[in-house]
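Shown next, in structure tokens, is the structure this report addresses.
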């Protein structure tokens, strides 16, 4: 009886021995992340005009429980506007180390400017390198800082570790090559 | 004479290197094998299929800082890994991997040699535990004694019927006997069972791996060991597994003798039979729990030892009656 | 040196187990008084993970605090979100729509399964079996994927909102969940086959760490550990919330209150949770997922471009948060570890005046010395594991 | 052979000396264990191979392990117990030992004539188990039975002395 | 060769005797006794070789068994005494008598 | 060939093994970096200051350990029997039987005495 | 229901009773705490679910909740359903502890489960439980000074750093958000400059 | 340390001369980077993701790092996973000190790296102030793949192929550079 139980355990493990491993070979094969995944933030642009959506209202900063967002607004030049609103974010910085990827900023943003994207490969070496500025966040920037740094050094394109098999309306315009 | 000695030395060197190589790859097999039981891949990124993984580990270990802890008993702290390492390697010297000449030391009482070595090997572990001057290792060391006290007798009692049947303590003879009369696992299945269970304890593999139970004793007796000293223990630990499996293959599965009248190839058959036991141990490792050391001692004395003794008497009667083949 | 005989009189030794120890489930420190390998006494020292949750939450808005709650019990994180939301909802008088309640139950049970899976994984790992760890984590990974579908986070969801949920379930979700449930039952059978009945497991767990019901209650044990002692106390049955009373499930009970019972009870609970999820799936009717009261609910994004009122509410909510009428509320809930509740004191402002979390692990840990005394050191690990403490839950 | 003998003799004396000299009990016990191992090999060389193995298995493997074990139990981290007594005592002991050595050496040298180095080693055939088997279990059958009885008595005695189950102490 | 080992045996015996007399800890005294026993055994084996007598070896084997029994009882005694007296020093043992 | 030669072989083997062991340890000791420190060399105790020394370590199984010696001797006696059992015939078997039974009796006795019971 | 029993008991003894949000609060006097608690235990409240410390400093007066002393300790007593004759009643007796002499009696002898939570209250609020078997700090390090959950203990925030020396000081930032003073965002309620499409 | 030049000294010298990474150095760096055994230092939620990174799905073992050593003596990298409270900081420092050189630290998660959302009296705001950190991993918790990416970043660093934003090459072992 009890020996049977031992044998049963052996049987179960043996069955698994001959089943396929469930391992995702991550760096070689991309990870399929889900549409709502909370990854690195993206500052989106208006699809038609190409203007930034962010109007520098700081609601995201206010909603952030970790106080990881710094926004400094400035008035738009009416001739040559940066954003769709009256004002735009002159400085928009996120301290990625502080950020907990909760999505409160996304929820609080009235214009849908800040969206949590897909990049999760953010590991880097220096504390100071984690303050992502507008360039790093605007939607043309692909990958994380270390990834883009490496791409620049080696001359190869950024290799992203995930694939995006679905459409995310709020991320329109973001291209992952 | 000199030539003889030289030959021995060469053989010994080859065997040791082979064993170390086997160790290196047994870590790989272990990691990959366990991984397969656990539906994952295991090391596969260092070299093709992760085959260079053991080498990377070795390189790292060699260039790692070596620590001698302050409270340690310095002499023993250094001696312990050496003892563990040497005795772990030792047992294989008597195991024949092929017909005459394919053994480093064809001892006329090879079984006793193996038996003695397996007892002495405990010193290494035990002293390591004590010499570290720290609590977790001490407990690990004591548990190794507990294990010894449990398995050693059952081990001896389980070999006795084999010796009875074959009438020899020489491993080469035992293999030859099996070549003639069929594998001992068929004749001596109860003895094999007892031997197998006791061997698991001797190799300190899963149901009986409490001497280094990570969940309780951090890393057991080698908690305070770093760098190559730790590696020595690691080698010793896995070599027990390698040697124990080879020994079981020799004692009960006909050793290097080819099965089913297939052609004799010295190392090959032993290797294949050995692989069976390696897998078996790995399989059990992946499937079962760890016992408590008192339960193991009780099991060994209350079940294994009486069972082995009774079986010994049965075999003895059979042999004494003149039934020996 | 000749040791003085008097000095030698003691055979006891004090051993630190933890904070950095592979099987203290985090950063628990146990000072163990041992005679050889026999445990004479255990003194848990906690606080190595004290994070200052309660103080910090006093300085964040009620809304922001939803990001703090899951991080206490990171295994069954959804239960904390839920318990906090329930307390605050009681204070603000929010009406949670039916669909949201069903989804909450569903995700709560899913999260409970994930937590119990870790329990099985680590509990059996502490008993020396490696493989269940990987099997359990495989299933857990699937659950986390499901959560990622819904909430975008693997286990710190930030999905519950006061008065409902952040957003609706994605369309694919029910199908994926069903797929998971279909395989899950076999998986539980697998875990069961790996340990229940095995003589080694019996030897390690039977009659080890027995807690009789009186002792359990005196020391404040709740959850599966209490039920293993045979006390039929499950908050989901005793103080139903979120409509648990309408679901058909059983509360598995143990008989002896030993490690064995505590392990098996939780295994059974996983099955029951799966059952609840199935029922919840059937009840999933379309409908609103949030109390539309603009006082504490973000207005839908679409409204922002059309309704000025919505914009104002939105701005106020995002910056100041919402005000909660003064009062004190507590709603007990059942987390994977036992009774969990948030005692929230509001002073009429938008920050809570005081949040006290009644975390089950904190109380459960008090029974550990009772259970472990007189057993082998080797068993202490198993007993501790069978209580399923989460140190974030203990230390807050 | 000579080399081996000299080496073994030296090792025996050294480890023997260490075992009575070292102050750390565990070290002393280890020295003794080493002594026994060497002694076992010496037995083997002396045409008593089986005896040699038994020496290693029983003495070095079982008895000394248990010795070390008990020492560790009793002294754990501070095995410095082998302190020597008063100097005069030590000197007296040394004197006694020396006298014993001389007496024995004399006795042995007297007995030596009876032996001769080339003595009947062939009869022993290396003293393997196969040689000893019939001797032990035929000629010496009754003493062996006596030993069994003795072991049984020892079992009883040890158990009685330890009074197990009397708690942890 | 015989002579050499006989001398070694005598020396070991003497060392053992020294240990018995000079050591204070019961366990260490015990160990010295073992050393003496072994020295005796060594002499026996040498004689066995000289005489070509397997019987002498059998005696040696029996001696080992005796020694083992003695150790088992002796260690049990030491441990038992330790339990009650919490000491293994021989001097303290002598107090038992008086 | 003298079988003792094989013993020499074993000795050589052991010597080489030990040599390799020493070489390995030395290699490790010499090649790694050296940055000792007080805490680094202190005993590990789960990240705490070690608390006190171990004075005496009661282990429940020393009774079993002592019995182990006795049974080990028993097995030692049985080896010669095992190799010559056929030659000794039934008379030898009777002796062995008696011998073993006496010891089994001992085992039974100690079992009854509760040597193996350490639970409360 | 034991809850009604407890209410009746409280009214009979002249204790202040308040029911809100389904909770039954009973204010016990500091001196008679132990006796009343024992009475509750005798009534069948066999389970102490929690001991909650609250520091009412700065609690607005106008809310209608009066708090005579700075500290309060709220006990959560349950008659545990599923065990013996428990019926699931919960009551929340509380006792106010003055700031000057922050001492009260322990209830560990009635409910051993009060051990940890009382230590926690001692640790975080500095209220001393007389007769507690082992009153040591539990969450904070032994050598920690102060009692963090007191309202006058600073939260101890550090600024979040950004590039070029910019930073957010959480304290000031929060204050700005709540509209009491002008913070970083400059938002003080009312409408902002909106967006233009 | 006597006349035997340790690897570390040699290493420093080579670095000074700018001819780091000879063949031997390359071999060593390769060995080290491919055999990173972490010490179990799980503190909070991130520890669960650390465990998850060893599980069947993600299998950190593929990088030769599955051997989570409970004893710091045998570990090469400490993955600080979770929030480090001030009560725990000395313990962690001690465990770190007890690791043999060379050793690396991965600070996993927002809490360990910067205090994250727990900006308060109890939590150490960045592990970097206690031990030298080699790689920071943002995320709360970082998903297992992010940890794997961090391990790969660390491997790059050990091999001397890591640069920071300003373009400086980073020392393979942070502790040596900082003299911690």
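Just so it is clear, A, B, C, D, E, F, G and H label the chains in written order, and each chain counts residues from 1 on its own.
FYI, a contact is a pair of C-beta atoms (placed from the backbone, for glycine too) under 8 Å apart; a residue touches a chain by one contact, two chains touch by 3 or more.
It should be emphasised that the depicted structure is a prediction, and the values quoted were computed from it without experimental measurement.
Common neighbours of subunit C and subunit G, listed by label, are A, H.
Here the chain-to-chain distance from subunit D to subunit E, counted in touching steps, is 1. Looking at A-B alongside B-H, one finds more C-beta pairs in contact between the chains of B-H.
Relative to the C-alpha centre of subunit B, the farthest chain centre belongs to G. Separating the centre of subunit F from that of subunit G, both taken as means of CA atoms, is a distance of 60 Å.
Centre-to-centre separation of subunit A and subunit C, using mean CA positions: 28 Å. In subunit D, 49-50, 54, 57-58, 61-63, 66, 69-70, 72-78, 81, 83, 126, 128-129, 132, 136, 144, 147, 151, 154-155, 158-159, 162, 168-169 are the positions where the chain touches two or more neighbouring chains simultaneously. For subunit E, residues touching at least two other chains, in rising order: 61, 64-65, 68-69, 71-72, 75-76, 79. Each of residues 3, 7, 31-35, 40, 42, 44-48, 50, 54-60, 62-63, 65-70, 72-73, 76-77, 79, 81-85, 88, 92, 96 in subunit F touches at least two other chains. Every residue of subunit A that touches subunit C in the complex is listed here, in rising order: 1-6, 8-9, 11-13, 16, 22, 33-38, 57, 59, 62-63, 65, 100-104, 107-108, 110-112, 116. Residues 35-41, 283-284, 286-288 of subunit B touch subunit A in their complex.
Subunit E contributes residues 61, 64-65, 68-69, 71-72, 75-76, 79 to its touches with subunit F in the complex. Interface residues of subunit D, counted against subunit E in their complex, comprise 1, 5, 9, 12-13, 16-17, 19-20, 25, 28-29, 32, 35-36, 39, 42-43, 46-48, 50-51, 54-55, 58-59, 62-63, 66-67, 70-71, 73-74, 81-85, 89-90, 92-94, 96-98, 100-101, 104-105, 108-109, 111-112, 114-117, 119-124, 127, 131-132, 135-136, 139-140, 143-144, 147, 150-151, 153-155, 157-159, 161-163, 169. Residues 6, 9-10, 12-14, 16-17, 19-23, 25 of subunit A are the ones that touch subunit B when the two sit in their complex.
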